[in-house]
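Next, two complexes with chain A in common: one pairs it with chain B, the other with chain C.
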Partner chain A sequence: MFHKVLTNCFIHSINCSQRVHFLSKQRLLWSSNAGHNAVNTVISRCLSSTPSAVTSHTVVDTFRTNQSDPRLHSTQHLAMYYTIPADIATKLFVLGGFSGQQQRAFKTFRETTLMVRRPALEVMDYLRRAHYNRPVNRYVLYGPIGSGKTFTANHVLHYGFEEKFVLLYCPNPTDWVQYPEETSQSSYKGQRMDTPIDAAVWLQLFRTHNNHLLDELDLRASKQYVWSQREITEPGDPLKNILEHGISRIKHSSDCMAVILKEIKEQSVSGKYRVLVVVDKANAFYESSKIKYPDRSLVDIDNITIARAFKKLFTNDWTNGAVVATVDKKLVVPYRIHKVSRPFKAKAKSRASDNWGPFTVSHISDLPHDLLTNTGFKHFDPFIPIEVPIYDDKEMESCLNYYNDRKWIQRPIAKTVEGRNEIKFLSAFNPLETYEICCGL
Partner chain B sequence: MANHVFNNLCLHKRLTLLSTNPCLKFFRLSSTQSQANDEKLAQELGSDKKDDEFRKLNLMPGKAQQRYDTKKYFGEIRSPRYKRMKTNQDWTNVWPNARVFHPSTVPLPIYMGWTVPDSSEVPAGKYHNPELLKIPNFLHLSPLAIQKHCQALKRFCTKWPAGLDTDEKCDKHFPLQIKTQEFAFSGTSIRWPDYRIVELSIKMCDLPLDPHASDKMKRLLRERYNQKTDTITITASKCPTRKQNYEYAVYLLTAVYFESLKVEEWEDEKTEEDWEKFYWDKSESKKTIVSYMKQIKPELKDEEILNDQRVKSFSESVSRLFDQKEDKSSLNEYKRNVLQILF
Partner chain C sequence: MAFIYGSIHCLLKSGAKIGSPIKTCAVGLSQWSPQFAEPVLETLRLEEMQESGELHELAFKPIKARQSSHSCSLFYDNLLNRFISKAHLKGEKTMMRDLMRQAFGVMKGIQMDKCNAQDMDKEHIQCDPLVIFHTAIANCRPMIITRPIKRGGATYQVPYPLKVKESEDMAMRWIIHAVRDRPKPRKTFFPEVMAKELIDAFYNEGKVVKKKQDVHRVCDANRAYAHYRWG
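Here is the complex of A and B:
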């Protein structure tokens, strides 16, 4: 016997006899990147005949959890939103680990919450069980566009922060490799290109992440580094000096950053600390860059100082660390097919026939070997590929409940069971699409 | 219109046809008749004697004019030929060569045409049907006709070899196939340039090649080799005559074969991008795994590492990722193997 409660937020049961409205087939065609099979399962899920029992406790219990320490997250917290304490959130994501749209959303919701999902728990489980005296393990998160890879990586970042890992976080390699603020010829090696401002910004991020750890661990430089005639770092000087030097003297910041990364990697053998490297969109390091030399020829990634230094962390010739990387299809997808939040420069000479082509992105693979390219695969092999799938039923319900709670969904029709089914159908259970659909409601 | 059809029409229709059909109107205009009319008219105009009678102006020929006797101009019409055919006749005598469809000769009730769907319309019959004329008919190739042809040709032929009764046996004994085309052209010159084209095909498995040679041959042949059917197809059309093209094709095959058996010095420089399949033994993947295992246990030897079951299955999964298109199942297998090694 079903008892339908039709108030704002307290909707649980999905009556199997509800009809799903077909609003826009076009939207469905290019919203879902999962292909035909996923669409069929989506339809079968929406119209499933399994009744869900009405529970007596309130919605707050089913989609939120008070547990804000990721170390204590387990399968009982699946599909629940947990809040990252505000001070930690500002500390971790000061450079912006999330896209601009999402950051504005967090501002609107006045809290930084992430959903606890299976891939994150899987990664955290591996991080607990790993043998840190062995060479580093690499974990590669893959999945369709908008399935929550960045969020999973940030969840793991929070976990690493709580577990007192040394965090090396690169939220946007495209900022270094494709659209740096400023480039200059390197003074260390003529062929290399420095990106001073980006390096300085990253050093500041590194400082905010790991300040207390650096004080505790008191890492020292192992070699002499000559920055200029008057500025020399002697062996035995604390790394903090190099850090401060890089932030203050922007001219040397790229080299400082490279030195810090190198030192941390080399000294990890001691076992005093563990390093967690979190990289979003790691396949940017293996695509071509957009930086040009003065003579208009393209720069290789290996010739960009900070990118080169960061890439060296991906190989498994060091210990006491872990690398969590995401591979994203967005870098390979033409802008005209999928709305991707990055600057786009229209080419004056593009003909109409060039723009007529596939209207979905399903022909481009989102699996790691294809995205990382052969060189990338050689660096990462052997790695553990972890799939970040689209929402399942429980997660979807939880997501919609959360948006209801935050008053993100305002139209009354969107709060009914029929409305919800429509949202589920249109978004094809894709997290990003759900968010974008609910933006308009 | 055929005689028999005309005669079968009713009298009324015959008369209307005769009067309205422009082709049949010829008998109306006989010169003697018009002259007689003119004379009559002149007589009538000339005599003004009788004023009491009002002269009528006869524009239309009335009953005064005699109707032309509708004789049957069409003689006795024979029934169509197909009605006079016997069932045991020799069809090859009726239709010895290819000819345009002739309805009264074909003893078949054929209908061909478009009908309005779901109506009781019947398609058009064989008479006056241009569609049947347009399509090719093979009435000259009845089994009896073919039998007669074969019988006539038999004395010029030798017997089919007894051992070649199946296709497989033919392919086994005669792996080389030559395809040429013959053309018949009616014009001022009987030459047709496409006659010179010779296509030579052979299966690669029939050639004695070692792995290096077969790989080199595939690279040399490029698009002339079909991966799915494992056949080499060499088309020669450079030379003006067929004989020259045939010899050229055979020469090409020989040259490619012997060239692929040779091993040049620069072939050692083959890099990983040029590998036709993924050789795990020469790859980076093997080096990383071996170094990884050695870091865990330095005393292990290379052979022991490579003989380890986990490493073997890992190598297979990596090869599968490279050789075949990556998909979730192969990726999951790779994940399983990696987890076995790392944890």
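Here is the complex of A and C:
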């Protein structure tokens, strides 16, 4: 009832001489669908009768929302930061998902917050409306470096977690394909390379994400798997056994992981569950790897067991699932994050990993067609490309307000209007650049 | 030759007094003739200068060109710029600027963790990275150093007072050497190490402040030779 009173205040611009109880800021904001300014006039008018309350209301708090369930995020939450509850955040992102710098920032801010932005809402809307009995949809997030593709993917991951999807999350394919902890020759097929430790770690992540779901769904193996003479999985054995076996017997973990992915993909036809595959830097699967055979020749991605198994999820020959992938420009050339003053010549060949340089990626396009190679494009085609743009005005204001609130911006001059304008100018509204500039302020 | 000697002599004589800020160029050797005025970098000061009439005086003076590393950004800091000029290698100032920015971020992280740990004393922990930087350099600045003077065949270490700029340069040099002086292969990177050094210096602890105190101790030990400054 109070909501209606306030929306009437807004729409008809009634001077609130009526008795209005003090409501929490967030409920005021949710009740009206328009931008800040209208809401703030409502607040200032309605609260003019309670002078003590006016002082505690400030414009800056419009950057945050209490709604921590991504299923309920909508356009009224745009440009607002929402907090992922701490236990869920540790569960989802225990393996990675956020870079070391970002994790340090979360530690300093003492919370894991993401901004609700349009690309994430778009993906979540499609996930809600999709026909899951039809072949899987692939959503590819693309955009300039630092525009928030990883954060969008993580937002969708949280959504999938709340919606009880079976989560298959690969935060860093480069860890498997370029810098694995350990490689060994596969016992299943001679040509293949296993990555035992990485597979075991991923199985633990899978268990953390999906433990309760596996108990509920009671998925079973569909055929016999012989791990060794004494360790055999019979058809009808629960998949949890294979999971536990993979984690405890690291030697077989790559094969266990491949089996689990295969089983989940095949059994999705039953419709008992839906799968959400979230992959960051999906184009790593289509670039060359850095792993070498004992004779120093490079291993193909299709010969790395876990990468091969994961790649099979990207094709649309299965149902009851969705694939959310990000494409990253930085993988295409040896990319150095540090800014260098000397001019570098942009080389024409952009895919040679032997070249030392060019260390810049400005000559490469952001689009999925150019970043997923020919094979990748054939796997993904047709996909739904979703652009993750840089901040707009409202989001930028929200970001700076949040940094102010978290005391990340310390210098007094950076808190003034001129200071904020300068930050906007220097960062060109790029989210990563804003963070890096505010590191020094 | 005599003319050059004469102008160097003038330079030494016309050096600023101890404790006052020094102009970046000496009058005799500058490419700018003496009429040229320094450019005003702080755009926010322009309004005040308009009111006080300084701007009117500058309006008819020729003004020196701005150095590339001096910007009229609101976040520009002179001391930080000098530090970056000293610390960078191979002309890569952009990289050093970025590394210092990261170091400031790390410093903020460390200080804010302290803030968060003890909720009571939130106001007392300094989290502004530029203030920490300035204080650190001020804490590391030696006030007097010893210089070798030869008198009668023997070399004495004679205590000399330092000008502000010289002492600041020395402090910055010591900090940079302390950061670079770690074993190779380097497991820790520049931002983290720099942040730790600056925070230690801010609290008057650490290698660099110890070095300053050692220098002061040597000066104190050699104060008997102070009269050798004047022959």
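Rule of thumb we're sticking to: the second predicted complex is superposed on the first by the 354 of 441 C-alpha atoms of A that agree within 3 Å, B and C clash if a C-alpha of one lies under 4 Å from a C-alpha of the other, contacts with A are read in each partner's own complex, and residues count from 1 in each chain.
The criterion applied here is as follows: a contact is a pair of C-beta atoms (placed from the backbone, for glycine too) under 8 Å apart; a residue touches a chain by one contact, two chains touch by 3 or more.
As the structure is a prediction and not an experimental result, all values here were calculated from the model.
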May I ask you to decide whether A:Ala130 touches chain B, chain C, both, or neither, giving the answer as first, second, both or neither?
first
In the overlaid three-chain picture, which partner chain does A:Asn211 touch, first (chain B) or second (chain C), both, or neither?
neither
Quick check on the superposed pair: does A:Ser228 touch chain B, chain C, both, or neither? Answer first, second, both or neither.
neither
Going by the contact rule set out at the top, does A:His369 touch chain B (first), chain C (second), both, or neither?
first
Would you check which partner chain A:Gln185 touches, where first means chain B only, second means chain C only, and both and neither mean what they say?
neither
In the complex, go through chain C and note every residue touching chain A.
44, 73-75, 91-95, 97-102, 104-105, 108-109, 112-113, 115-116, 127-130
Given the complex with chain A, which residues does chain B contribute to the contact?
272-273, 284-285, 288-289, 292, 295-296, 314, 318, 321-322, 326-328, 331, 334-335, 338-339, 341-343
Parts of chain A lying in touch with chain C, wherever the complex brings them together
104-105, 107-108, 110, 338-342, 407-408, 410-414, 418-419, 422, 426, 436-437, 439-441
What residues of chain A sit close enough to touch chain B in their complex?
126, 129-131, 134-135, 137, 316, 365, 367-370, 374, 378, 381-387
